[in-house]
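Sharing a structure with you now.
A, B and C label the chains in the order they appear, each numbered from 1.
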Amino acid sequence: MSLLTISGLGVEFGPRAAPLSAVRDVSLTVDPGEVIGLVGESGSGKSLTSRAIMRMVPSPGRISAGEIYFDGRDVMAMSSKELRSFRAHDVGMIFQDPFSSLNPVFKVGAQITETLRANLGLGRAEARSTAIDMLERVGIPRPEQHFSSYPHELSGGMRQRVMIALATASRPRFLLADEPTTALDVTTQKQILTLLATMRRDFDMAMLLVSHDFGVIAQMCDRVAVMYGGQIVESGPVEAIYRTPQHPYTRALLASVPELDAVDQRSRPTPLEGYPPEIGPVRDECVFVERCPSARPDCRSGRMSLEQVGTRHHSACPFEGRPAEGAQSPVAKERVV
Amino acid sequence: MTSEMHVLAGPQASVRRRRRHWPVSAVVGLGIIGTIVLLAVLAPIIAPYDPNKLDFASPTLAPSWHHLMGTDQNGRDLFSRTLYGLRLDLAVVAVVTFVPLPIGVVIGSVAGYFGGKLDAVISRLVDIVISFPFMVLVISIIAMVGPGLKGILIGVPIVSWSLYTRLARADMLVIRELPYMEACVALGYSRSRTIFRHAIPNLVRNSLVFSTVDVMGNLLLLAGVSYLGLGAQPPTPELGSIIAEGQAYMLTAWWVVTLPALVLVVFGVGIGILGDSLSDGRLSGVVE
Amino acid sequence: MIAYVVRRLALSVVVVWGLATVTFFMLHLLVPGDPVRRALGPRASEETISNLRHQLGFDRPVLEQYGSFLGGLLHGDLGTSLSLSAPVSQILGDRILPSALLIAYGLVVAFAIGLPLGILSAIRPNGTADHGVRIGTTFVFGMPVFWLGLILALVFGLKLGWFPVSGYRSGVGGTFKTLTLPALTLGLSLVVIVTRTLRSNLINVLKSEYIEAARSRGLSERRIIGKLAMRNAIMPTFTILGALIGYLIGGTVVIEQVYQIPGAGSLLVRSILQRDFQTVLAVTLISGAAVVTVSFLTDVLQAVLDPRVRLEGKS
């Protein structure tokens, strides 16, 4: 049985009579120990989707439709007390900017012990030693000393390590990582991804990794869902998405990933023309039609839903066949996981 | 803030800019302020009695249809005195608020634009003037030049230019770095043209927003100083001195003390509502 | 940290020196004619005037007077009161306690009322409580301080008889009895600022990612607002104290008049009416110095509480 099941999720803003839809009909399952990627441009609804799992959609947004089940429990039906316990024990969350997600006026150690004492009911001394263990585990050098550091005294990478320690302090079974490496430089990115992979394996956590960077997703994930304009347009195993992308948007996104070793003109990133759709009322057409290089009149005839195109592989484009034989995945990197 | 929020802010913000509708709260605030200003301007027409006409046959009459706000200890009609008092107060406040405003803005802009020693001197001077409690400095200036409205008219501007200087200087420090200011230099505009035609229109907005609160502050200050007997001198009808005169009869004629200040309270509500909607930024695009 | 405090202290000393200079030259530049002549009035004989001028050193060159004025200040000498023929520092010394107590008491009232209201409004911005608080404080915003004082005196003093409406008595009981209504007046007039400042600070903090992160860890709202967010929001609220103190001092001048409290404020008003310029300027200078001192202390306090401020001091 899957650990997390989302079905038909919708997130809206604006008046209820004429809502502006930000996330539409998103369905997703995560098995225990599985790593799922959620990839898309900013504004595609991927962060909102991840926050919806915690029922933390920022006001004035609201979850307007859908069901969320975690380990058989109905998240949408939880009382505020149950919700707190769910957040405290079952799910950990890591944010994009490790500086703004740590409270600047409290010492690093105090923030971890606070969480341990409030959520696990540990005593003062016990919380302190557990916190120092956690700091050591996430690779903070001289943990006793850094226990008394303020966030601003640490580098970006260190702060993100602290954030990971905080999010995993109560040994959750599921970790939500929202662009965990976007704010970091390239070398630090790699270290943090390695750390996340190690922590995931050691604690046997499932993980939802939100990123705009296909490279990051490729390193970490088992399966991936591609979001565009508030919808999942394609989902499937990472291998399948890379080798045989079915949706024109996925192909465009893959083509725009810069290859580190690309020297010749042909493999230069080709940016997609136009802009992603603004949040607005639901329209009865394919969400990608405005920018699709192979759009046709039929694309405006109705909304597209995900159809199976391979083993656990779904696409929301009924018109695109398989790409030409021999097409190569633009990204092929070793996986850390 | 999440990236989605930016997307959300985008279309709404642009819709707002296109429509340029005044928010309801700003209209209500302006309506209240406008009504009271109108009452003050039209005082000679509206006032049913001569504000200074003594009538010893009818001292401290309670409010009635004859005397809407009653009469004071000397039988003067309180409603008429309040209207005239309001008229005087608003006139004085208009002068002491809107004379120092442009002066302060220009000094602050120049300090912020040129920086260096000039800025250091101006900034220290502002620090010093702002460190005095406003009320205390104004009344000690009044002490030097003599009690009466003259003291207010001199004392308040001597102090309050500094507030606008500080605001304008801070804004100028930001604006100075913007590309369009660089463009002014590239186009070979003179410094005065750059400052007056291109920078000041962009930074005067904050000063205008602040001036709504400043008007209220000055109004209360004027009433307070007059209450102390250092502002308008009796028998001139002025809100602070009307209340001060009525204080002795507070138990027998409560209306002399309480009612005249209500116009200030209502005016304050208007200013408060307007100020709130201005500082919320809901009026962006309207003020410019 | 120490470097920051020293730098901040040096700036304060410069500003106080500026205050002294401004007050000194106000007397010499703003008073038309001869301050001694104006103080003694038109009936004084020429001999009395010139004697007093000599005695006060007013016949010496201005710069020399300025020098001895600054020198005197260093020794706590604020000049001599013309109307009371006594050192100003001595007269002021007797009167400063009631004013200081009134300000402190007023601040306690302002924060005791303003903090809960600020939190209440920030928890649900634009909710019912927020609107209620906003409407209430907007009404108080337009009330002249002296009028508020008179109304409170009328209701709680004259009608209900709970508190005396004039005078000042020392001792804990006496101070409580005589200063409660004045402090309530002063405090209420400040509640608007305290509430609004805390509200907007708290709303900003509650929107921040570290609060979202705390929520994602399942911490209770009570803990998040009461402990985490307040720690972040309260500091900028306290730093407005530096700006508020000037307003508070101005308020006490008026309130002391309403309640007939023999404090520094009523001394100021009395001195103005008696054209006792030395005393007026001394009170003005001391009040300015008090503002500078308080804003210095709040800045230092902030540096102690907020680790980030210390960093700024180093750069």
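Basically, a residue touches a chain if its C-beta (ideal position, glycine included) is under 8 Å from a C-beta of that chain, and two chains touch if they have at least 3 such contacts.
Remember, predicted model here, so these are calculated numbers, not experimental data.
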On a CA-centroid basis, which chain has its centre farthest from chain C's? A
By count of C-beta pairs in contact, what is the leading chain pair? B-C
Averaging C-alpha coordinates per chain, one finds the centres of chain A and chain B separated by a number of Å equal to 52
Please work out the Cα centroid separation of chain B and chain C, and write it as a whole number of Å. 21
Chain B: positions in contact with at least two other chains: 1
What residues in chain C touch two or more of the other chains? none
Counting only residues that touch at least two other chains, what does the list for chain A look like? 58
Interface residues, chain C side, partner chain B - complex: 11, 14-15, 18-19, 22-23, 26-27, 30-32, 134, 138-139, 141-147, 150-151, 153-154, 158, 207, 245-251, 253-254, 257, 268-269, 271-273, 275, 277, 280-281, 283-284, 287-288, 291-292, 295
Per the touch rule above, chain C residues touching chain A in the complex are 208-220, 223, 228, 231-232, 235, 305-308, 311
Interfacial residue positions of chain A with respect to chain C in the complex: 54, 56, 58, 84-89, 91-93, 95, 97, 100-106, 114-115, 118-119, 150, 152-153, 163, 166-167, 169-170, 176
Using the touch definition up top, name the residues of chain B that touch chain C in the complex. 1, 124-125, 127-137, 139-145, 147, 216, 220, 223-224, 227-230, 239-240, 243-244, 247, 250-251, 254, 257-258, 261, 264-269, 271-273, 276
